[in-house]
Amino acid sequence: MADNPARRGWLGHLTRRSVLAGAVASAAFPAVAATTGAATASPSSATVPGLRTARATGTTHRVTMYAEALPGGLIGYGLAPGEATVPGPLLEIVEGDTLEITLVNTTDKRLSIHPHGVDYDVFSDGAPFNNSFNEPGETRTYVWRTRERTTTAGRAWLPGSAGYWHYHDHAYGDHGTDGLRAGLYGGLIVRRKGDLLPDKTFVVVFNDMTINNKMAPETPMFDAVLGERVEWLCIGHGNMEHTFHLHAHRWVDNRTGYLDGPNDPTPAIDNKDLNPGSSFGFQVIAGDGVGPGAWMYHCHVQFHSDGGMSGVFLVRNEDGSIPDHAQEAIDRYHAGHGGHGGH
Amino acid sequence: MADNPARRGWLGHLTRRSVLAGAVASAAFPAVAATTGAATASPSSATVPGLRTARATGTTHRVTMYAEALPGGLIGYGLAPGEATVPGPLLEIVEGDTLEITLVNTTDKRLSIHPHGVDYDVFSDGAPFNNSFNEPGETRTYVWRTRERTTTAGRAWLPGSAGYWHYHDHAYGDHGTDGLRAGLYGGLIVRRKGDLLPDKTFVVVFNDMTINNKMAPETPMFDAVLGERVEWLCIGHGNMEHTFHLHAHRWVDNRTGYLDGPNDPTPAIDNKDLNPGSSFGFQVIAGDGVGPGAWMYHCHVQFHSDGGMSGVFLVRNEDGSIPDHAQEAIDRYHAGHGGHGGH
Amino acid sequence: MADNPARRGWLGHLTRRSVLAGAVASAAFPAVAATTGAATASPSSATVPGLRTARATGTTHRVTMYAEALPGGLIGYGLAPGEATVPGPLLEIVEGDTLEITLVNTTDKRLSIHPHGVDYDVFSDGAPFNNSFNEPGETRTYVWRTRERTTTAGRAWLPGSAGYWHYHDHAYGDHGTDGLRAGLYGGLIVRRKGDLLPDKTFVVVFNDMTINNKMAPETPMFDAVLGERVEWLCIGHGNMEHTFHLHAHRWVDNRTGYLDGPNDPTPAIDNKDLNPGSSFGFQVIAGDGVGPGAWMYHCHVQFHSDGGMSGVFLVRNEDGSIPDHAQEAIDRYHAGHGGHGGH
């Protein structure tokens, strides 16, 4: 599922980077492939060839989404009939863009789509409170606008829309919260002009005791090649408190996951609260300084992890092959979650 | 309750801005009133006429507070006999100020007042541990000091007292924690010289399954006019974990809620953990980029929201009238929380 | 326990600062000893004599650690046979250092050591998933590497390893999580070259309903002299959500706890979420602006605090004596946790 093109962004200019660009990026990080030492610092403020950044276009994107019943009582969003997934498609735009979503409700339930982070008027709120939802079988359009940061006075700037956000149903059930349990949620990324684009984006939703409504060993196995720029979008839902932990990779606890410069005082972390309604994102270089392998990501609340809130981040060798130790770990993981004792 | 003058700050220079000043501020944001597009960036580092900022005075403010029993088993703080509220009065000072609070305990319970963020010696700790409390019927003075940030060496500065803080009882009950359940808490804002002053401040306390010890639809309806600079002070208490979500408005997750400049890497958010003893605050321009309307604020933990931890942020038209769709939403909200199916 | 040399860092150059240096530091803060007023700002970018900062050496440190059974069903890590403690020894290194830990498992349980924040390959992961653990009686070496931040392109820097991290077992029990309950955890600090060194470091682990596997009044009493630069490393473990609160002291919610400069927009806080797998740290000047005394630190979730998640931070007079009011508070604390009504 991690490699499903439908989930990797529907905008042509944000698809997976070419192999060439990826190779150039790897070359810019001589130590990325080294498993035996720390990265050599190669300070430079020049743009590194091969790195792609987000460009602003001020475009209005029109997309049709379909809410569909799935096996097992789930309901998902999809970009075409029969293509609904849990999570729904990852939506990516750039500050200044507008997104017009025509939602087709193919189910027999009242439901909607409600975003975080972007601008919407009351008619696109997605909440029954504002009479903004799709009746069973109904089609309705929701409009999400974005903008750049703007100055007010002195040092106080109003934030733009850039962020690692998400969207979800806000209308199914007596209180408009049943859709979350059923899988009606997905990732939304608004980039700022100039933001580094990743090679891949993984969407991780901690939803009660599940990851993306699955439990180990059925949770997603995210797959990357050593040195790829891998983006994680983490979203919390449901009724429980969680902490997201990724082995052997750390990130900066700010808007991008990168330090903004050598003196940015924001902490680097590898474990972060992921509670209902919140989201965050970051990019890491797969296997940077630690090498290829099978690395766990999991909720660090112990009984949640014990209960199945864990998964695998596979970092392949540079040639795309799977290291023996990684394959053994994956086999162990599957065996362990049949019986006990493995993960 | 949101408009109770006693809760809007007891310092004369921090009361509600004049209508004229409000109008000037709106004029500085030409897109604030637009519901159909993103705000136009109007970068300028000059001070915008009509914006008021906090001024340092180094004043010692002396105030008498009364702890009083209220109906329903509640106890509140008030600035005059018979005026106790839950939350108690919002206290606002500027770095450098001292606050001397003479607390009159009109109840038959041991209680105290304990602040977060400011400087106090052990005699003003408010904890029985330090023998710092009011016996039933007793009057006692507590002193809170503040200061500006100070340099230590190089880049390491000690923080000043500025922040979105709070105060609460620390002495009622066997463990000094019963006062929180009863409503003995309130907001405390320490501004830094030059901070932008809001038109209004709303205090939101998530206290176990309540907001300000109330449940929907009795939770506060916060009321503003399109374009007003509205400040939120969010405080957590009790035994449960919460996340605060505000519809259609986002803020920066730093000291002020504004970006500190165009390159401030702090994320913008619209959902934030609000757990016992923590507090944060921010300012938003009411309806900025989204228009007037009735917007929900709620805990995003689903069963908390379902159980009544939600309320309404009403953004009126610029002329002060209530849009029809907002009135309908409010009516729906009240009806929905009598039966089910509404919010 | 707070003063156990084995827990104060095993690197000679990071031991407690001399009394002379401490005195110089105090002199640099004329208001530190004042309980009656705010600190006078004395801005200066020059290095203050007597302040010691971390120096990079690129050293490989080799250390042997022993996992040992302790009374009461606990298991601890120690730097020599018979010296295991809960938490285990505080490990401190500087970016660029490598730490080679030879772990001797003297118990009859499978166990390991797994770090947060640093670089390790799959063979040092410490997880059964990667076949990285010590069988009962087995000795095994784990390698942790660190590095400085490195530029990628423009404003996007990869973070270095500096941070307030921790380590813990990841292999004991069916799911590799039983070691946390038993006490197999400790603090890990990676400093950046130039970071201010503290006089003392305190390690506080909120682990289910305990602090360092103890409950009040057996929780650690941390002990400092007025004006000392005291560092706190706070770590969360287990299954519960917590908030760490320290009375009368606040810190900046960033990598160091200090403002990075006069305009750093990061909030100052005195209460912070401390959830499983997370950690943070900060330095405060003991008693700065508030004077000597016995100050509580505790979980601010009320029933956790009521249940024993609290302790004492003793700030002595400058001459090392204990103020009468502090001794009385400590006596009250011990009496209160025998019966009720005290803390």
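Going in written order, the chains are labelled A, B and C, and every chain counts its residues from 1.
Going forward, a contact is a pair of C-beta atoms (placed from the backbone, for glycine too) under 8 Å apart; a residue touches a chain by one contact, two chains touch by 3 or more.
Just so it is clear, the structure is predicted and the values come from calculations on it, not from any experiment.
Q: How many degrees of rotation map chain B onto its copy chain C on CA atoms, rounded to the nearest 5?
A: 120
Q: Counting residue numbers used by both copies over all numbers at the interface, does the chain A-chain C contact come out same (over half shared) or different (under half)?
A: Mostly different residues: under half of the interface numbers shared.
Q: For chain A and chain C, let me know how many angstrom lie between their CA-based centres, rounded off.
A: 32
Q: Do you know which chain C residues sit against two or more other chains?
A: As it turns out, chain C has residues touching two or more other chains at 155, 241, 252, 256, 260, 263-266, 273.
Q: Which residues of chain B touch chain C once you look at their complex with the stated criterion?
A: 96, 116-117, 119-123, 125, 127-131, 145-164, 174-177, 180, 236-239, 241, 254-256, 260, 263-264, 266, 273, 275-280
Q: Provide the residue numbers of chain A that touch chain C in the complex, in ascending order.
A: Residue list for chain A touching chain C: 28-29, 35, 37-48, 51, 155, 194, 196, 241, 243, 245, 247-248, 250-252, 256, 258-273, 285, 288-291, 293-296, 300-306, 325-326, 328-329, 332-333, 336, 340-343.
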